[in-house]
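You will see chain A twice below: alongside chain B first, and alongside chain C after that.
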Partner chain A sequence: MSKPFFTVYCLIIYAFLLTPIAVVVIASFNAGAFLTFPPQGLSFRWYVVFFNNEVFMRAIRTSLWIAAVTMVISGIIGTTAAIFYVQYSGRLKEAVRIAMLAPLLLPEVLTAIALLFFVYSIGIGTQTMFGMIIGHVLITLPFVFINVSASMESYDPSWSMAAQSLGAGRFTRFRRIMLPLIKPGVIGGCLFAFIISFDIFTISFMLKNVGTSTLPIQLFDYLRTNFTPEAAAVSTCSIVLTLIVVVISEKMLGLRLHRF
Partner chain B sequence: MTEVSIEKLTKDYGQGPAVNGISIRIAEGEFISLLGPSGCGKTTTLKMIAGFEDATEGAIRFDGRDVVHVPVEKRDIGMVFQNYALFPHMTVEKNLAFGLEMRKISKAEIRERITKVLDMVQLAGYAERYPRQLSGGQQQRVALARALVIEPKILLLDEPLANLDAKLREEMRVFIRDLQRRVGITTVYVTHDQAEAMTMSDRVVVMFGGRIAQIGTPSDIYERPSNLEVAEFVGQVNIIRGKVGSGTISTPFGNLPAAGAYADGTEIMLALRPEAVELLPVNSGTSGVPAKVRSSYYSGSLVDYRLDLADGATVNVQTFPRTRFADGDEVLIHAPVDRFWPLGPIRGTEA
Partner chain C sequence: MNVAAKKRFGPLLLIAPAAILIGVFLVLPYLNIVVMSFRMPGQGTPYGPGFTLVNYGKFFSDIFYIQQVANTLWIGFVTTLACLILGYPVAWQLARGNSAFRAMGYGLVLSPLLVGIVIRSYGWTILLGNNGLINRTLMGWGIIDGPLPLMYNALGIVIALVHVFLPFMILPIMSAIQGIDPSLEAAARSLGASKATAFRRITLPLSLPGIQAGSILVFVLSLSAYVTPSLIGGLRVKTMAVTVVDALIDTFQWPFGSALALMLSVTGAIVVVVFGRLTVMKWKA
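Presenting the complex of A and B:
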């Protein structure tokens, strides 16, 4: 492909990806009463409405809390799984990888239905957030796994051996040698887990307990009966939040985040 | 200082033994090399001494105490890895401090010991550098310092010079050997390079197929190899046929006194090193076996000759290039009787 053609090609793709986001952001500053484009006058009024809307605020807090819990659990399971996969899985390596990535390959709605059966059959049900968190962990696990395995592939096992020969036990070797050296993958994976959990709809919708709502669910509920620019304001805040996380991770980790 | 005793050590991964019942006694402060081709079991043996591999059978004793069931981190060893294995996220100083911190040594003493060991490996002033800011040879010396600073019972080196270029490798040989002598630490060195093993070691253990072929000083190994395999592995060698008869061995180079108990009529192999032979001009008036120069290779300090004998055999000879012979020249080969070493009977000729 010639260079100018390639440039144009890229621009079209970016436009295709980013236009809807731009439309939402612009629409959120609409001064009018309805979600329309182009906006009728500019104003922050819908942001004020949004920040004073206790239902949305509660949904955001719930989403952040679930994303944080999911990130921690996914981070621990995904990291240990990646260490096992790279160093100890031996002939089972390919099987372990496919098993770990399976949640990515299945349609989310199938996973959600299966989990719904599962939580009821083992008696957890949907009275607590437990089932929903299981679902979020399941979906975000592959992202932690991929990131940490990428870091682990460049981890030289002789570093651990050297530490061991110098007198370091299992836990010290992990804390002082391995963890600092695979940190970029662990942090990158955890941030992915956080962002994706914040965004999950189908699983949350099926497994949420009565009375709680995550932000995506609350937004969906709201749009069924209302059509004000407040929805765009909510979306914009959500986009900004994601963007902040991405920028922080880029600043901290640079391009290593994209190594897989 | 520690005496190490390895007794009937065996490692079997399930497809036949990788190390097969070897026994070595290593004296206090001795430098021992395990020498052999890849897959001979030398690295597996080292890993068992270190504790990274469990022994299937046998004992490893440090000063009489069996350490087979002691985990690596409690064995008190210093190990240098082929790729150095320096911690990339720590400075030289932090790398060196790691083992000392594991031993709960005070901050002041850690600082003192690091200064001393950096001096010893000639890297004073490099404490704040990261491994990636050092050359291969410098990283090698940090790895050595890291292994020695904890004052371990025994120093283990796994092909530590394999990743260095030829000139640096020779410098490091001398450096490691001098350092080991000064510290006086019992050392096991694994290598597949016979020159390395010979120049550095007090004794060399030659291994093939999981067994010890010979243990001896470098000159034992080179001049008095126990069999053909050892003779060929530690350097170039000419195999001369000899026939035993009434107390002598007759060879194309004359008769030798029969060493060892061979029955009359047995044909045996004799090892003759290429540099043990002198080449003389035909008209020099001395006795010798006539031969013809087929080809020669000049390498500065030495010339390598391929010679054809009258009976069609080929002999390799290395000499100093004082008198040069051209291809096709007739020469006399003079080989002192005491430079032939019997390697055993040629199979099927035992009488």
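Presenting the complex of A and C:
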């Protein structure tokens, strides 16, 4: 393949990847009552409609709340697991890794179904948020694990030993030596868990209790029956929210998020 | 606890929460699906007492479900192939292209992953619908008279799935190509191989592990996708995952839904294993 042709080919693929997202953002500024292209003038009217729509606002609050809880639980469990994996797992290293990545490798829809049956058969059901949060923690756990273990790989255990020889206890060693050094991985993993949790659909869809709805679920329900640009305004706000988290982590904190 | 025991079991406390979470809320639920698929269909309850094979009988006796599994496998296959053809050159460029382009390209490939799947599928409904951007534009230019059927069919599902899963094909191939020593290609070239021959005989075979990983990932993700087929396919074209979820949510047929989910998983797993075997053979040959 000649070089210019090759470059153009790649640019077309990049355009293909971005087009559907760009189209949603552009559609959200449509002044008309329906999704039409080109937009009938620019306006923020659908943002006003969206901000006054209590159903969507409640869904956003629920999503943010679930994402925050998920981030904290997943962050703690994933970090301790990553420390074990890098420092103590020994011969079990490969087994631990596969187990920790399993939620990522298994189809989400199957995990969702399996969890739904399970919470019912142990009598918890979906009256509380318990099942949904467990599902979110499962799905986000691998991302915390990957990020923390990546930053653990450059941690030298002899630093802990040096601290120990100077009289530092187990917890002090963790707090004063290890944690500051692996902090980028922990924060990166947590922020990533937050973003992923905010976007999870299938798990939430299967495990939600009647009356609660996360933003992706509300959007999905809305799209099944409505075609106004309000959904585009909702989507754009959700994209911007994710973007803010990514920009904060990558530009301000100088983190590199490990996605895989 | 004495000091030796503390040293031995202390670290296990680090992994304990994750082990309990995955053991209790991932492994047990998956085993539970298998049990559920043998339960009696319930009357007014999700499932009845006792065990039976009737759910599997219902699957194998109804051509509708078998056809649907076949359709889903076909959609998965076409999606995977399209992702491979579209993604390979991009992966190559990300691994070997000039660096300015590389950083931007990497960001562009990863960024769609940060946008929720509902939103990305929604973008495709805006593009592909009868009144969508593509049909409107083509009709406006006078190229077509009526709208092309792009949505509510397998074609639309494949287009959107390719978009959603393309990064999962590009990234493994990219890292496989990055792992190939560029001097191997240079050596082939110095021995008189043309650019195309060097690619075909050196780079392509050495990147097979990446192709294999990416293909399996995309195939499995396509089979189990729910949101995209549900929004793009509407009520007209249903993939197996959509049928399963609807059977569980709308009609509460838990045992039958489990049997359907397992049949799809088993057929998917068989395809993946056969594909894995074939590519490993090819790779060793």
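Descriptive notes on the structure:
The rule we apply is simple: the second predicted complex is superposed on the first by the 242 of 260 C-alpha atoms of A that agree within 3 Å, B and C clash if a C-alpha of one lies under 4 Å from a C-alpha of the other, contacts with A are read in each partner's own complex, and residues count from 1 in each chain.
The criterion applied here is as follows: contacts are C-beta pairs under 8 Å (C-beta built on N, C-alpha and C of every residue); 3 or more make two chains touch, one makes a residue touch a chain.
Because the structure is a prediction, the values reported are computed rather than measured.
Measured by the number of chain A residues touched, the leading partner among chain B and chain C is C. In the overlay built on the shared chain, the residue A:F6 is in contact with chain C alone; chain B does not reach it. Of the two partner chains, chain C is the only one that A:F117 touches; chain B does not reach it. By the touch criterion stated above, A:I177 is placed in contact with chain B alone, chain C being left untouched. In the overlay built on the shared chain, the residue A:I60 is in contact with neither chain B nor chain C. After overlaying the two complexes on the shared chain, residue contacts for A:P20 are found with chain C alone; chain B is out of touch. In the superposition on chain A, contact of A:P216 is made with chain C only, not with chain B.
In the overlay built on the shared chain, the residue A:P103 is in contact with chain C alone; chain B does not reach it.
Of the two partner chains, chain C is the only one touched by A:I239; chain B is not. Against chain C, the residues of chain A that register as touching in their complex are 1, 6-7, 9-10, 13-14, 16-21, 23-24, 27, 35-37, 76-78, 80-81, 83-85, 87-89, 96, 99-100, 102-103, 106-111, 113-118, 120-121, 134, 137-138, 141, 145, 170, 195, 198-199, 201-202, 205-206, 216, 219-220, 223-224, 231-232, 235, 238-239, 242-243, 246, 259-260. Chain A contributes residues 156, 158-159, 161-169, 172, 176-177, 180-181 to its touches with chain B in the complex. Contacts from chain B toward chain A in the complex involve residues 50, 52, 72-74, 76-79, 81, 83, 85-89, 98-99, 102-103, 146-147, 150, 156.
Chain contact summary for the complex, chain C toward chain A: residues 10-15, 17-19, 21-22, 25-26, 28-30, 32-33, 36, 46, 86-87, 89-90, 93, 97, 101, 105, 108-120, 122-127, 131, 133, 136-137, 160, 163, 166-167, 171, 220-221, 223-227, 231, 241, 244-245, 248-249, 254, 257-258, 261, 265.
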